[in-house]
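Down below are the structures I want you to see.
Presented sequentially are two complexes of chain A, the first with chain B as partner and the second with chain C.
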Partner chain A sequence: MSVTLPWDIFFIIIFPGFLFTAAVGLFSTWVDRKVSARIQWRVGPPWYQPFVDIIKLLGKENIVPTGTGMTGYLVFPIIGFIAVVLVSTILWVTNWFPEATFVGDIIVVIYLLYLPAIGIIAGGSASGNPMGSIGASREMKLMLAYELVFLVAIFTPVVASGGTLSLGGLVGYQAANGWMLGNASCIVAFIVSLVCIQAKLGLVPFDIAEAETEIIAGPYTEYSGAALAVFKLTKAMLLFVLPILLIAVFMGGAWSPWTILEYLLILVFIILVKNTNPRIRVDQAIRFFWVPCLILSVIGIILAAVGL
Partner chain B sequence: MSLSPGILLITIFLPMAAGLLCLLVPDRVRWGRESIAVATTLAVFVIAILIFIAPELRFQTGEIGLGIRYLDLYSYSFSSFLLMFSSLFGLLISLFSIRYMQGRGRLREYYFYLLLTLGATNGAFLSDNLILFLAFWGIVMVTLFLLTTIGSRDASPERVFDAGHKSLMIIGGADMALLLGIGLLWYLSGTFTMSAITPQSGGMATAAFVLIMLGAISKAGAMPLHSWIPNMAEAAPTSVMAFLPGSLDKLLGIYLLSRMVLNFYEFSPGCPMSLLLMIIGAVTIIAAVMMAMVQHDMRKLLSFHAVSQAGYMVLGIGTGTPIGVAGGIFHMLNNSIFKSGLFLSGGSVEHGTGENDLGKLGGLAKAMPITFIACLICALSISGVPPFNGFFSKWMVYQGILEAGASQFWIFLIAAMFGSALTLASFVKLIHSTFLGQKPRELEGVKESGISMTIPLIVLAALCVVFGVFAQLPITQFIAPVVGPVTVSGVWSPTLATVLLLVALAIGLIIYFIGKIRVTREVPMYIGGETLDPVETSVPGTRFYDTIRFMGVFSGLYRRGEEAVFDIYSYGKYVLPVTRVLSVLHNGRLTTYVSWCLWGLIILFLILVGVG
Partner chain C sequence: MGIKTWALKKSPWVFHLNTGSCNNCDIEILDALTPRFDLERFGILLVGSPRHADALLVTGPVTMQAAPRLRHVYEQAAKPCLVIAVGSCACSCGIFDGSYHIVGPVDKIIPVNIYIPGCPPKPEAIISGVMKALNSL
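And now, the complex of A and B:
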């Protein structure tokens, strides 16, 4: 199936790109807040709270620290946002139309997912705040920590499928041969990648870059108003997009109604981990990812290479 | 319009002649040498474009026996596109040098060597004869040494000499291997004419392959023959770094390696030589970028990337699959664009501030906006961020790795992809320490460099964007004619992706303007509620990765790296006893040399008689 440009524009603006992903992402943050509240014996906010928060932020003035270059300070938050919008579009289109060769394959998606981290790092660093700099350096180190393991884990299904790189190809392969999770290798890889997306989302125990109790809000310290809203929106959208990526490569693809259930399962798992763990230091995170997680993921990919 | 083949001579000898002219121009003539250099390189660039558009051209002088000619020049798809880019880099570097080198000593020599390098490089690309190729290749090595000796502003004469000496030793030694390899290749194929050599196989061909490969990777700067580049970075002018290790040396080295893989050797995916190249590539990527992460000197950090990126090219070409080789060649082209762009933005920062130490820079984004944006674009390209050009060529290399088949190849794929993340990390450090963060008080009043320095930066950054977004253009025009048709299993449509990213950008801006982005208020920075001076409390980027540096295994590896345990040059001392014996023979007396010649002739005579 070939897709024409007006359709592509529709895909990216309305569905599944911006509006849909933003709406579901913000709704997911509500699920996060509600479940967390219930775990802590609180009532929790109403369902529209995240939307109201964003609208409130849009109404606030734009506060810039003295002596900061405005352009960079305001452009960097958008970098991550546009990448997530594009990744979401790629994921949904290739899941629903596995035959379509749309924009990019799994390598493209992995690289595009660097951009949210780059946006946070560059934004924090552009704000000139020392807390922002510390946060940026932590974010970068955390990225190095999880990225190695994430690469090994996400390529396990690629190896298991005999070198299929396109997302549509992986979905199609699973339609013909059953879920990737049916292989021992991919079970290992799936567990590891669940841990990785926790870090990619910057949630406890990996909220090292933000660490409110240590460095105020890290890279976000100086941000306010619309720019902060874009940062928050990007994070909310990632909370939706990253689990969908895992569903696409491990759990048969995101095209059946079961996707909703699969997504909720992953989401609740993320929320539970978030609420039951303390924050770790960045050097602990690097050690955690580069020793036990790496060994586990390498075992997974070796299993895939020998055909298990 | 048909071109006369004699036009090929102009691209080689016009720069050389203009270089000689530069030597003659007296110091009194203002901008004399600079205008000669810019005008010559511009002319050569235009001629190179004409040659590229024209069909294949061949220029030969008469035979002097044994099928050898003085000059045998041949321009075809591969050599003519390289010719065009070497001339473009020559033009941009001459333009940049006007201001950057202004007021330094030995300018006369500088422009002479610069133009000589360009002529010799063009000669190497056009030569269709291995001996002629080797001669031009050798000239580039000598000019590299000579350009290094010009020296950077802050380097002591000893350091300059050491760096020049080191590059001469390593590249010269590897060129010995290259000479032997060429000899073997001649023995096997029976000809020195490059276009007539058919792919060879067998044990001796493999030996020739390894020997020629050593010559190629020493020029391109892949491990283990890379260590001259970081040393040179601290000693040579930054414009020289951009010109030679940044661009031309890469073009030359990778050109030779690809010719070897494509034309001279029976190279197939999965053969032992392919595995060797892939291992060299993967190790180079990771090891060099790990060193780059902990550097404090901007030039040295960039130079380790010049090594690391060579790894991607060797890895891509080593896969032996059409898409991998195409990716390797495309990455060579892209790398010379963003790498020279990065070196030049480093030079621009150095020109503006007089500083190379990342710890003493910062917050320059506002003062040097063009340098900042060019550096940012090049940094994103080298880190392989879509949709810039570096991503496309790396993506092609990854496709090549998977295409090469064997299921254990995922290890190369992951090494190469993780290399990108590490590259990104070291550029986060560079960008933060140079352009973002807080500006030290000493740097108040720093201004953007002049137009002659920003134009090359703008051109290179623009090429990064164009070759990324419209990658089909360089692929179909430059790469496909060399490698032939390629098949791809993956998916990446950069133009569509860019359109969609721009739409998303528009959405982002709309969100901003729905919000009150125009209502801006400036407030002092919030640092934990204390009234602290942001400049005093700023966090330098140089300390970003100390957590990793001082961690278990890495602290030992880094210490050894700094003690030059991994530097092949530091093992040179074990060869000294042998060379001391040889140096005794060189006593400078004519009679000694004559008697050696006589002995040689007698032995030759006996051999010939014996054979006859």
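And now, the complex of A and C:
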């Protein structure tokens, strides 16, 4: 990697990493809340609302209930949060400085994207609340449902580009040969991965883990104050990072001004799906991902292997 | 006014607790949360867990069954936490005053920040009361 240590720290803390991702992610949450409000004929919150929510939670009392594993209870939210910061840094640096990429960084990104879900599962289990345990178990089942499909869908462009196992390489390949979405195989994979990021974000058809009408707040039930703020911030940052991963892999890379438009398109699609669907049960979610979605994504990867 | 107080005023999440009310005030609270009044304009959200709550909306006179639970929920809530007594019963026991199963109004169990009278109070009155409670911080 050609960048030096002070720049690394700058990349991780300020620009593509923590501050930038948090700001844009929270702003995206506001877009989500505002568009949802307009769909329901409401006015909706002002633009600074998600920022105020986070500041308020940071200023509140942080309760650790008796009977919880104190260290784990407070560390698990941070694990997921750090993972999202690192994913965002890797994504932007490889998009803007393709020479900084390394072979297999797409695998690193996919592994790091497991960690927010694992943080939720472990934190919910550590909180010692029955609702938290149910939420954690649901999150685990949902994760088992979507991860395989997501992996196959993200690896379709890798196969289609002839085995380019790096994000910088994929962006360079698309700069030379046009968007991955030009291939039939990648259109199939893109549709499947859009469904998967809805589940990864825990938004409405798949908000099974956090189902507030059934199990209070799922894994977050016992969390308060700063720990809850870290969870909320992680969710908000994922809302920004996951569409950017799709743009990098399928839509020509996140380096041109068009990225903003592509990101808004994916965001509005996510919000519309969120507002027009009911919550499904966890068994329905597993069946949905393991039968139609898995078949579609396997078709996609076979099409990519034969060169379509 | 510090940034903590300002943020609390701009984003109060409410937890709704029924301590023996006849369900009338509860319906009016749900009315206040509908799109017609749209409390999300003020950042007010209904949360399911007292750990997340910045304000407890308590309705009804406190019955003997509900009194320990009310105290428990108040202790579970992360401080600072406002307590808003909604309806005549929560403020003063209303027509249930003196009944054999009533412990007393809400302020006998936990400290109350603001009282919203009415049987039931209109949604406009509830919104006005919540905003007054926030402005008093």
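Things to note:
Keep this in mind: the second predicted complex is superposed on the first by the 304 of 308 C-alpha atoms of A that agree within 3 Å, B and C clash if a C-alpha of one lies under 4 Å from a C-alpha of the other, contacts with A are read in each partner's own complex, and residues count from 1 in each chain.
Keep this in mind: contacts are C-beta pairs under 8 Å (C-beta built on N, C-alpha and C of every residue); 3 or more make two chains touch, one makes a residue touch a chain.
Just so it is clear, the model here is predicted, and its values are computed rather than measured.
When both complexes are superposed on chain A, chain B and chain C fit side by side without a clash.
Using the contact criterion defined above for the overlaid structures, shared-chain residue A:221 touches chain B and also reaches chain C. Contacts of A:126 after superposition: chain B is touched, whereas chain C is not reached. After overlaying the two complexes on the shared chain, residue contacts for A:42 are found with chain C alone; chain B is out of touch.
When the two complexes are overlaid on their common chain A, residue A:8 makes contact with chain B while staying clear of chain C.
Of the two partner chains placed by the overlay, only chain B lies in contact with A:17; chain C stays clear of it. In the superposition on chain A, contact of A:63 is made with both chain B and chain C. Once chain A of one complex is fitted onto chain A of the other, the partner contacts of A:113 are absent, as it touches neither chain B nor chain C. Greater residue coverage of chain A by touch, when chain B is weighed against chain C, goes to B.
For the pair chain B and chain C, the model built by superposing on chain A gives 5 Å as the shortest CA-CA distance.
Chain A uses residues 59-63, 216, 221-222, 225 to touch chain B in one structure and chain C in the other.
Taken together, the chain A residues at the contact with chain B in this complex read 5, 8-9, 12-13, 17-18, 57-67, 69-70, 72, 74, 77-78, 81-83, 85-86, 89, 101-105, 107-108, 110-112, 114-115, 118, 121-122, 125-131, 133-134, 136-137, 140-141, 143-144, 147-148, 151-152, 155, 158-159, 162-166, 168-169, 216, 221-222, 225-227, 229-230, 233, 282-283, 286-287, 301, 305. Chain A makes touch with chain C in their complex at residues 33, 37, 40-46, 48-49, 52-53, 55-56, 59-63, 212, 216-217, 220-225, 228.
By the touch rule above, chain C contacts chain A in their complex via residues 3-4, 7-8, 10-11, 35, 38, 40-41, 43, 47-49, 51-52, 54, 76, 78-80.
If you check the complex, the residues on chain B that touch chain A are 363, 365-366, 380, 383-386, 391, 395, 398-399, 402, 407-408, 410, 413-414, 417-418, 420-422, 424-425, 428-429, 431-432, 436-439, 489-493, 496-497, 499-501, 503-505, 507-509, 511-512, 514-528, 534, 537-539, 541, 543-545, 547-548, 551.
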